[in-house]
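In this document, chain identifiers A, B, C, D and E correspond to the written order of the chains, with residue numbering beginning at 1 in each.
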Amino acid sequence: MTPAVEFANVSRHFGPVKAVDGVDLTIVEGSFFAMLGPSGSGKTTCLRLISGFEKPTTGAIRIFGEDVSATPPHLRNVNTVFQDYALFPHMNVRDNVAYGLMVKGMGRARRHARAEEMLALVKLEGYGDRKPAQLSGGQRQRVALARALVNEPRVLLLDEPLGALDLKLREAMQDELKALQHKLGLTFVFVTHDQHEALSMADHLAVFNEGRIAQIGTPQDIYDRPATRFVADFVGSSNVLPPELTRALGGPAQWASLRPEATRLAQTGPVSGTVIALRYLGAGTRVVIRAGETEIAALVPAGQPVPPEGTTTAIAFDRNALHLMGTD
Amino acid sequence: MLSDRPSLLLKITAIGGLLFLHLPILFIFLYAFTTEERTYQFPPPGLTLKWFAVAWNRADIWPPLYLSLKVAAIATVLAMILGTLAAAAMSRARFFGRDQLSLLIILPIALPGVITGMSLRSAFGIMDIPFSTWTIVLGHATFCIVIVYNNAVARMRRLSGGIMEASADLGANAFQTFRHVLLPNLGSALLAGGMLAFALSFDEVIVTTFTAGQQSTLPIWMLNELVRPRQRPVTNVVAIVVFAATFLPILIAYYLTRGGSETAGMGK
Amino acid sequence: QVTAIGAPEGQVNIVAWPGYIERGETMKEFDWVTKFEESSGCKVNVKTANTSDEMVALMNEGGFDLVTASGDASLRLVAGDRVQPINIDLIPSWSTVDDRLKNAPWHTVKGVHYGVPYMWGPNVLMYNTNVFPEPPTSWNVVFEEMTLPDGKSNKGRVQAYDGPIHVADAAQYLMFHRPELGITSPYELNEDQYKAALDLLRQQRNLVSRYWHDAFIQMDDFKNEGVVASGSWPFQVNLLKSEGQPVASVIPQEGATGWADTTMMHVNAANPNCAYLWMEHTLSSNLQSDLAVWFGANPSVPAACTDGRGMATAETCTANGMDDFEKIRFWTTPVSNCSQGDGACVPYYRWVSDYIGVIGGR
Amino acid sequence: MTVTAILPAKGLADRLTGTFWRRPGLLLLLLIAPPLLWLGVVYLGSLAALLLQSFYSIDEFSGVVKEEFTLKTYAELFRAQNLDIIIRTVVMAAAVTLACAILAFPIAYYAARYAKGPWKAAFYLGVMLPLWSSYLVKVYAWKLILAKEGVLTWAASGTGTGFLIDGILTIPGLEGSSLSTSPFGTFLVFVYIWLPYMILPMQAALERVPTSMLEASADLGATRGQTFRTVILPLALPGVIAGSIFTFSLTLGDYIIPQIVGNSSRFIGLAVYQLQGTAGNIPLAAAFAVVPIVIMLIYLTLAKRAGAFDAL
Amino acid sequence: MTPAVEFANVSRHFGPVKAVDGVDLTIVEGSFFAMLGPSGSGKTTCLRLISGFEKPTTGAIRIFGEDVSATPPHLRNVNTVFQDYALFPHMNVRDNVAYGLMVKGMGRARRHARAEEMLALVKLEGYGDRKPAQLSGGQRQRVALARALVNEPRVLLLDEPLGALDLKLREAMQDELKALQHKLGLTFVFVTHDQHEALSMADHLAVFNEGRIAQIGTPQDIYDRPATRFVADFVGSSNVLPPELTRALGGPAQWASLRPEATRLAQTGPVSGTVIALRYLGAGTRVVIRAGETEIAALVPAGQPVPPEGTTTAIAFDRNALHLMGTD
């Protein structure tokens, strides 16, 4: 099977800024692929390389096996849901959704019918006559989605589509998007800087750092087995242990990661420290312990006793939860 | 906000300032009705409506009016095309010479009109171009460009840049994007800019005296009338009519560009 | 030079002093254009100019056929090759022209005629009759600070002409009051005489609140600004009088400068035939007669005073100074090579810039 | 699925779009060329023609321009009476600009901060209508208002405030027989005519000052006066500068107002106009014209640094 | 001890809009008080009533026991960190921070010294000469904080100060803010619509709904014992059980809430349903089960088997985790 999108050593430099730098990437058709990374790490640029709004400085991009280096955006069978939705403010919702069909020359009646279908798909029947300004954030997001889907793209790009929504709405939309992707069987390429979002939605994800891919894999891979300190630090709320501490805890003298959920408190143990912060999370309490230079977070499940701040405690952990990493 | 109430001093100075702006206009109105026709005495000796009829019947008003309308219309159209193109170019990524270009666009209103006029006249002289409607248009379009440009650039700045890309992303080519997305969104700003440019051109006298040769636009006709008074109230009647005629376009321009700051008026 | 008059071109473009070419718009009775247009088929387009300098500039710019140039402009036009010689054989009425004007030096150079005399007249002193029950006898009312008959100072209540040629008025005043300067002609001043004239003008600057350069604005100022005395043209005097304003004019003891205007033809006149027809028309005695009354000037055709074809009568002409020809010192362009010797006199371009300086308070 | 990744180009428009995409410079060039040609050729070309003229001289007797390169005309420009004109004009322009800024501020501030709904529209119209009503007729109306036997005197004698006018007219430098012949009258009319050009950019700049900024200032303990001085004024500065570009440049170049109101002293605009129009001394006129060009270029450079262009 | 802030039956109406409606509130001195609620529920208005930018339509506000109805904002010893920071763009960071001292008339040298101290407190030593535009979001937030703190207010108001920051930065700033409050012992009143933020940072919190306070209490109170369905729904990711289901699970026929962490999967049980969604959260997997009309989420800790989508499963729970609610 040809992959939906392939990057072969793709770079995009803006003057001295290496926005994307030597990226190799394969996105399997039908998958939900997330790009995760801190601000400025090159995620948006990658997406724009796929849609054609940026051209690679070097390297080749193939979409379903075809090289697209000479194809302008409007001839790529790829559609985008923009971060700010970029709805046309002068058109009503129906015309927004039907836009792709209109520019292809489809008649008014047919394209309006299709637009209504799409609006039904995103649960916005009856909103066709409104202007975008009359919609809430979540509704706009769904219009943007419908507008992109009406073209029947084989790859749908989504650039932080949920960034502007509040938490409650964001969670609801995450579920909807995931369900839709499932239903339509499309390839989704999803950009976010929200770790939880990436982990919970993607089949595969790439973690970006300074224009390069730090790690690529399934969410479980990345959460449980971060390849580098950067990934461990960025993705989970993992504890990153320096070599001394790893050794003290019984491992080799290497950097390692340890998830807070796998970290427990104990009366005694090889490593102990002072409780410096407590955070009630509802589902439990996060206890931050300072051991020497290192801060280690442990999760005390709801209902178990929480040591007060300032006290000294030791930590224990599931041995197999300790994950050794490269030095990068 | 609790303290969000203008102080009395501010209120008085603001309203006083506005009244100051309208004081002479009051007299223009008043003297359109005076019975005395050469020099204005204050208070006017009597009031009459006859000047409106006189103005209507004065054959020498119509050709300058027609010329002014024609010049303003052509200059506005030219300025709209050139101003929009310049705005479109400037709203794109930075390019070499961008700052210089923005300076160049602003220059015709930042430099006094007498300079623009003189320069054009020198150029016409050197190149042996005879005065015609087009020499007037040339001058007017030059300083109207910046009005349209300012309106268009302000709107483009406000337009989310994404919608042009969204259009391409959905399969529209550059022309479709222009027609279906850019134009409708820019339209009202262009219209507002166009109306302001028209009004500016219509009232221009400084540059025009240099580029008109022996032709007479409405302001030049007025200048002659004012200097050589012959039924002087007629000029006031004409001023009132123009005043009334511009009221609506200005109001429309305001509502079209409301919320933006692009209606700032520009220089002569 | 034109040798024969062909078919009229349909129009003629003329630069003229305000009030010189009337088509009945200001007052119905004064119209010497409409009939000409009808009979000749030449439409008359007039561009008015307020100063001689402006006329020269307009002629240099081109696009005109004729100009009513005063003496301080005419020779400049000739020297600059802006005007062409006139074939007087093509102007039948030439013979009726006042003999004193036929070969006047301001339009005749080396025996060649460069124009047809149009009008001449003095620069009079206009005054407010309420303030001056008796006509002032001297130009000192506009040159020296003094108390006027109404008991108030003349400061801020007099005007002067906003053109460099006004230096000549000052020189003429000095000629009378300071004979020791040895001024023989107000247009030929050596450095010392020139300096004295400028000093007088600087003194005058303190009295004048605004210089006049537009006939109609001067009329405004007499009505609204409380101006009571000023050098002026009979034209303004007549108009103001006709409106019932309390003004009159006089030629004071020092005499007056004056103008003698000539209709001259542009070298590149596009409408030579109409131009010749117009020049012939300007000499018709009824035009000359009406214009003399209208402008308060003297016709260049003496018959106009007496043949009764226009409004002027012998009395009008006398009142306008027809017999004072010798007393009037006509505007001519000051040049450096003058009767005091080559390079002895201050040339006109210095008059121009120095007069700007005087008005600017320097 | 049978759809491919690349859609075929269907017509010329598609192919052109592709070309633009592959060569963005080409599109930019197409966009920029017409305005650049117009402004570059027509406008800059004319300015160059003007500059060129300033290096010619004039034959003093015939008034014909001698087309030979010389600096004589510039030497003439630096004669005392011409320097007077330049200084007088620049002082006037600066005074007018300052007065406009002071007068415009309350109007702009009120319109930007307090006027809402129909009031806002009323303020807008209130500023725009005088701006677009015939400039000439307004100037003549002022002549009438300021004349010795005009409205102001009439009103002043009615209210017994005539001494005010007389007082102004005795201030050295502002003397005249009436306001209409005094430099103060010229100043007043300039201020009046250019005031809207100051109000509009100022108002736009003030509207961009977020309310939260004012609240933050009050929250930190600033009184209204302190907020005004330390927050509002500096933030409105680009607008003031933008407005001052207009008022300054317009005053530098105007020749109608000093002709009608004032004491006949020349200003640069009037000098240029008369030198080229009535005196036909185009080289000197051109040299005079170079003065405002130089002044404005310096001014614009400074203004650009202050970020005033965005406020235009 | 006088409370820092007291609202006695305070309302603020804008025409027909009851932005704040009969609120009674007491904020203890030295506490970290959060106001939580959906958009438009009146949180900002409450804050502005304290700072003095709004006046109550009815009711009285006391700050440290003094009625402030006649005190203008600049005379209240209360400072605000604005949502958009509202830094003065024309002043450098030092002058921004020193602003409050300047308007009080303190000399340049002294106020600059104080400003530097404050910058040190928020860990921005050496940034004094920069303009706000040259700072990142997190840095700006800290400048706004320093600027408010330099006045030594007794109450610090913070209106969604972290809303504009990305997740990673937000979490870091949450810790910093909390530490700072601890260190200075000030009263913080903190507005947010982010449940996690409110729960993890506050000592006490008020949940707003349509201008009224729906519940007020400690985070634990509110998370574990939501007073109304609205609170349960808004605050936790609690399962809200209708009366039938509560009864089926062995409780009274009343609305109840049940936290996902307290919900387990079982082979058999009184309530069962179909697995309709799985969400990997790193620390565990969230399983959503549809039982009749109701969707119930359960958390399967990492390492335990997760039923695939579509299968049927029953649910079990800690009996004392079932919390009965009012009908509101």
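Heads up, the rule we're going with is that a contact is a pair of C-beta atoms (placed from the backbone, for glycine too) under 8 Å apart; a residue touches a chain by one contact, two chains touch by 3 or more.
By chain, UniProt protein names: A, E = ABC transporter ATP-binding protein; B, D = ABC transporter permease.
Quantities reported herein were computed from a predicted structural model and do not represent experimental measurements.
Interface comparison, C-D versus B-C: the higher number of contacting C-beta pairs is recorded for C-D. In this assembly, C is the chain whose CA centroid lies farthest from the centroid of chain E.
Chain A and chain B have centres, each the mean of its CA atoms, that are 52 Å apart. Rounded to whole angstrom units, the spacing between the C-alpha centres of chain A and chain C is 90. The distance from the centre of chain B to the centre of chain C, with each centre set as the mean of the Cα atoms, comes to 40 Å.
For chain D, residues touching at least two other chains, in rising order: 7, 14, 17, 20, 144, 149-150, 215, 218, 276-277.
Shown for chain C are the residues that touch two or more other chains, namely 61, 217, 220, 223-224. The multi-chain contact residues of chain B, meaning those touching 2 or more other chains, are 1, 3, 40-41, 125, 168, 171, 173, 176. Per the touch definition, chain B reaches chain A in the complex via residues 160, 162-163, 165-173, 176, 180-181, 184-185.
Residues of chain C touching chain D in their complex: 49-51, 53-54, 56-57, 60-61, 76-77, 79-82, 155-157, 162, 208-211, 217, 220, 223-226, 333, 335, 347-349, 352-354, 356-357, 359-362. Contact residues of chain D toward chain E in the complex are 210, 212-213, 215-223, 226, 230-231, 234-235, 237. Within the complex formed with chain D, the residues of chain B that make contact are 1, 3-7, 10-11, 13-14, 17-18, 20-25, 27-28, 31, 40-43, 81-83, 85-86, 88-89, 92-93, 95, 99, 101-116, 118-123, 125-126, 138, 141-142, 145, 150, 168, 171, 173-176, 199-200, 203, 205-206, 209, 219, 222-223, 226, 235-236, 238-239, 242-243, 246-247, 250-251, 254-255, 261, 263-268. Every residue of chain E that touches chain A in the complex is listed here, in rising order: 38-39, 166-168, 171, 175, 178-179, 193-196, 199-200, 219-220, 223, 234, 236-237, 259-262, 277, 279-284, 286, 299, 301-302.
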